[in-house]
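What follows is a pair of complexes built around chain A, which joins chain B in one and chain C in the other.
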Partner chain A sequence: MTNGVPPDLQALGITKRFGPLTALKDVNFQLRSAQFHALLGENGAGKSTLVKCIMGYYHPDEGTILLNQEQATIRSPRDAQTFGIGMVYQQFTLIPNMTVLENLVISKAKLAPLIDWQKEERQLAEFMEKMPFKVSLTARVSSLAAGEKQKVEILKQLALQNRILILDEPTSVLTPQEADEMLGHLRAMTLTQQLSVLIITHKLREVEAFADEVTVLRKGQFVGSGKVSELTVSQMAEMMVGSAVTAKPKQRHVQSTKVPKLVLHDIRVKDESSVEVVRGLHLTIHEGEIVGVAGVSGNGQRELVEVLAGQRQATAGTIRVHDQPYQPTRQKIMRHKMFCLPEEPLQNTCVGRMSVAENLAFRNFDVEPHAVGGWLISRPALRRSAYDLIERYNIKPPYPDTPIQSLSGGNVQRAVLARELSADVEILIIANPCFGLDFLAMEEIRLQIVAARNRGTAVLLVSEDLDEILELSDRTVVMFNGQFVYETMSSDADLRIIGRHMTGHAT
Partner chain B sequence: MSIAVPQTLNKALEPFLIIVGSLTVSMVLFGVFVASAGADPFEVYQTMYRAAFGTSFSWQNTLIRAAPLMLTALCTALPSYLGLIIIGGEGAVVMGGLFAALAALTIPTAPPMVVLITMAFVGMVAGGLWLTIGGALRHYRAVNETISSLLLNYIAIALLNHLVTSTFRDPESLNHPSTHHIGEANMIGLIPGTDLHWGLVFGIVACVIAWFLMHHTVFGFASQIAGGNVRAAQIAGLPVGRLILIVCFVAGAAGGLAGMVEVAAIHGRANDTLNANYGYAGILVAFVARNNPLAIIPVAVLLGGIRASSGLLQRTHELPDATVLVMQGIIFLVILFSETLYGRFSRLQKQGAS
Partner chain C sequence: MEAGWWGVLIAVLGGAIRIGTPFLFVSLGECLTEKSGRINLGLEGTLVMGAMTGYAVSLHSGSPWLGVVCAGLAGMVLGALHSWLCSFQRVNDIAVGIAMMLFGTGLAFFLGKPYIQPSAPRLPSIDLGAWSEIPQLQAALQINALFLVGIVVAIALAWMLKNTAWGLKVRVVGESADAARALGLPVDRIRILSTAQGGFLAGIGGSYLSLYYPFNWSEGLSSGQGLMAVALVIFARWQPVGCLWVSLLWGGAAALGPSLQSVGITGGYYIFNAIPYIMTLAVMIITCSPRRTLVGVPHELTVSR
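This part shows the complex of A and B:
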């Protein structure tokens, strides 16, 4: 850690394609020596792809990486390490039942066959002396709080003598206080020329408080960069989400009535580690209305959808459907026709090894004509219904007996949509319906959703794609940190304001 | 449609070929084993065939052993539809047999038909509840059902040994502690014209009903969804917990019925002969049958034949009594290994075809 300043890192003209999809297109980026640089962008803007190209996880199709103006060929994260570039991931990579000391020692590139623990401990204790923040070497990782674990992750990179530190949404697992403390330490280390920091984030507040420079990506392209001190928050938000709505709203035949279909009252949900991730939601959706929930992923949307789908229990609050209390039992789901199209439908709502016909019948296998007398499954009836849906929704290949897991993503999505729309759905919960689909499939599925709305279905659409929400929804709400922080009619939506709310910058 | 046909053929063919292949490999390995023990493997297999399927007498011997295996195999096969690996068949047999015997002893004066029906009912409920404990621990407390059902076996055996050596001991059963005899009049009869007791019919009927239940009813369809993907079952609003408990109960009831038949058809009393490893052999049968209740019937007959041949092997080849258990173990290991072959085979076929 003693020799010189961190190198200057430049990425020039980086293009990365995944099959037909261009994730990055001719992106330029510079991390100047000993700077604190923030990389901003919506989900899917290409931030992670860019840093993975720098780290050698991906090999860019075009473009070069320069270190101190010299071309650097980084083939793997191990290569990146020899250039002094280290990365801290969103998820912890520490081994929970080992101590901090053990975790730091095993992360070394080269380990002697016999470990001299006393020597290692002495060396790491000396190293720790020079660090601005301390963690007890003998503590077991599982006993540390999230903020402490994050510190160990950073110390691990510093102990490996890395001079450029890349952090992928490091504060998403931390409380605001922990985040501020950690970012403050990193900031101090850049000020003393020990380190360059590149941080991926959605939180403009953190960018404003800690970063020197910012680069913004949108849809895989470079939008702009500059000094944080010379940019306002609205300017940055606008760069992130764009200023013009690119997609035109879909044709609407009917105005939504004011008959409430789904009413959420004070919904609260805890995640696996008992952190409250949905914190008191109120929402009413009317007949023939699509309400879009915008927001950066990880703000409680997934948990909200799971509660409505019956995959998770709310810790508090009430759901009323058709003005009656609602629990997701089969009986009530069928009575109110409240169906769900969650993200990753194959994992979330299909049984991969069961056939297309069987998967298409999950909503109605227990009623006539599929269930003769209410208990005996009629395979011929299942196949007849399947042929009908396959034709109407253009599912390929058109064989009801193929296992659904052998279908392409778009066709699984079509199949699930066919199932959920088929039974005169009254309320539809949708999450990221077009994730990973090609343009045609995307268009088709969006048309189906709007068609359902025009028939009077109340739709809750959760999406990370703001364009999709503005294209489809009548009303848009923004979810941030487990709450709805902003609501607007989609027709008079102002992207700058939405962008600010999405990034937690309400005022 | 022309594409769908070879696909279904392939789907049915793959498990068949893999299982026949595994059995062949097992026979080769077992052949090496008996050769190293000083016997001629070909003669050994001939003897086994004779002892298991050679005469009508040996067929009867085989089928008598196959009957409880069909029932205990269901203890593992049925929960597998819900994605559970339950190996508690032994415990279900023991509990079923014990409580069936005790039930018979509480109504000594009732007509034999009433006694038998009561025994069957009580035995099935006892076995069913026993396996339901494993399912409930899994669903409500996330305890691994394989471990808990295995441990429940030991508890059941301990309970049996405790009760037949204390409270319910027949004082006349001196060197083999047992309950009192349920009375010769109450014993289950033979299928007319054979030396086979009705247990075989129970086994076959149970397997057919189980297959029908899981493949042709709304209940079975719901179970397959829940077993295939819990999240999909939740979205469909299915009561996953209730499905688990019911399927475990039905599975345990099959094991309990096996225990009842052991008491009512063979021993006449409950004692430690109930824990004759039928439960564990049933796991093997279920695995070889790929948890398909209809496939259980022939597999149980095959394994029943292997077990029936132990006596003759001992007499004609001077091989130890446990030799057939070695064969059983070899088959088990090879079948477990062959699980890794599924899917590879069909890929190879596709590559070959294209």
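This part shows the complex of A and C:
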């Protein structure tokens, strides 16, 4: 499309409303030619909305987009592409059952009616020669690691000759090393004037290391922008959150005892395509201990959590709880009080259309006082318990009869945590508890988890957020390719070593 | 006795082609439809409707080939209707398929009442066995031209899905509607066209039933071929050329009972006739485990989500 330097992009006075909600209010933003720009903000600050307005997914209610000072009318992502603007989304838009070559060909704006695969392959191989990173064209996308998929997404945009590249949280599924490598390549391309880059992120470390400029949004409004070299990390954090914040170190009252509560022995799990994704796990968690499982998603963590929650069968191995063999029947779950807060709790452990009170009672609706004589459900009793939990865990709105699916993500998380913690939980399995939550909700959930630990609960915390694991857990293990490959006490953990193990590049 | 067993083998091979041809057309139609991400259970109705239309047109016009084309067109209309209904919000393709199956068969019986008695011109066959002295071999090698057409269609369909822009679009829509929308592809339109084309093939399969073998029009003409096509496509791993082999396998299985009867083995006749159904059941049980996804299944299919 456009040759020479990438165009200068400006968004002026952008306002976007969704019904009564104003997602963006009079936001100004400029991406100068060949700059690496970071768009910072918390979840719900309006970053994605702004970018989608630029891409033509949304049509702003007010405001204009300028390219090289000329007004540009962008009605659809197709239009954006004709202006040389391309976007890499958080969820990959690649087709897993097709090869890299097929994926790159299908994204071309004009497809010849007859596809000459040899010619396409030759052309793309030539194009790949000029790129700083390479991916095998004949590989099936489903066989690629997350980092490689991301590279394919970026190559796809570059093959379309886009000069402005927008990336929505590009590093959330990557290891620190993969992230640095990818951002480094993009940085190099901006330095040679080939590309302008806009990344949406909330990782300040990446902003500091790679970006030239930063724009901060908060609650749909422009807060500030400037050169990264002239700002400190704490200034940027303050702009993001609105006040000076520091994560308080969590109080650990009790040393963990050496009483084993949960013992996993040689757990093996196969996924839907009969591939062994969990390959022989051994782990012991003691009373009053949080063990964090770090790792890039897709290394078997989800399957492990599903097995412990009783949603999937292990192909081999034993689980022992309180030194007894354990199967996830309702009786044993209740006796051993082994509960679970999985990721995406609304889909995984709630019934969206049932009320908050009903969802809160899933663990104990069939016992007194909720079930009279063990079979007749007493609605007043359910509600009384619900009111109690709503108050203790600060669930909003505080009405037990609303369907749980109408609650915000943070409140669903609180509700499920309330349910799982309330019955003196002995063993707690948690996966990505703070995914998509704002800062305050995040702090609250983390405090509750540590409080449970201090009461003696054994906690298994699976998370993609390494900072979260190091902050909360007593011990950290790294999961790679279905196995635990590294273990360390969190207090003397070395981020670089952990990162190397996460990618399987140790030793 | 030696010659008798050879006779059975030859009869099974001949039967595989004779009985397998309608399976081939229906499964190719179902394969194309499923590649675009929808299941059309209505093909059973399409098959019966195609059989009726082909027979009626052949009778009135005197040209069985015109009957075949009209049967395809009738199938195309039913296919388009199915996919048009499915393109509405919150409409389930399985439920619509069952409705279309009942609608297609019902309509065919209603319109086909006058055609049960008269005799229509039959589709001609090619004697590939004229060189041989053995009557069984001659009978087995009497092949209908539609079977050859079916082979060409299977190969052409496989080639088209791989090498044409249209084929690639059908596959993208079948693998991920979201990705297709992000690429600006008209998901519903592509599915409607694929399902209509699939209906065309299934209609032709129906005309083979009424115009060649068993060569009559009655209400009991189809014996579930349209529904079994779903299992055949799974067994063929969604590969058109695979559909060819699987159809021959099913045809051969269906021919086993009659072939054995012809050499005097009559015991278990009904059991032998049930073999295709037992095979269908077996395929469904083996492949439909909740703990595994199938290899090659288009991701948008409701069975795989």
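The working rule: the second predicted complex is superposed on the first by the 258 of 507 C-alpha atoms of A that agree within 3 Å, B and C clash if a C-alpha of one lies under 4 Å from a C-alpha of the other, contacts with A are read in each partner's own complex, and residues count from 1 in each chain.
Here is the rule we go by: a residue touches a chain if its C-beta (ideal position, glycine included) is under 8 Å from a C-beta of that chain, and two chains touch if they have at least 3 such contacts.
If you're wondering where the values come from, they're calculated on a predicted model, not measured in any experiment.
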| item | value |
| --- | --- |
| Which of chain B and chain C A:Pro96 touches, first, second, both or neither | second |
| Which superposed partner A:Thr175 touches (first chain B, second chain C, both, neither) | neither |
| Which superposed partner A:Ser136 touches (first chain B, second chain C, both, neither) | neither |
| Which superposed partner A:Pro113 touches (first chain B, second chain C, both, neither) | second |
| Partner chain in contact with A:Tyr399 - chain B first, chain C second, else both or neither | first |
| Which partner, chain B or chain C, touches more chain A residues | B |
| Partner chain(s) touched by A:Thr82 [first = chain B, second = chain C, both, neither] | neither |
| Footprint of chain B on chain A - complex, ascending | 309-311, 328-334, 340, 342, 347-354, 358, 361-363, 365-366, 371, 374-377, 397, 399, 401-402 |
| Chain C residues touching chain A - in the complex, by the definition given at the top | 163-166, 168-169, 171-172, 175-176, 178-179, 182-184, 291-293, 295-296, 298-299 |
| Partner chain A, residues of chain B touching it in the complex | 1, 3-4, 7-8, 216-222, 224-225, 228-229, 231-232, 234-239 |
| Residues of chain A touching chain C in the complex | 76-78, 89, 93-98, 102, 105-107, 111-115, 117, 270, 272-274, 313 |
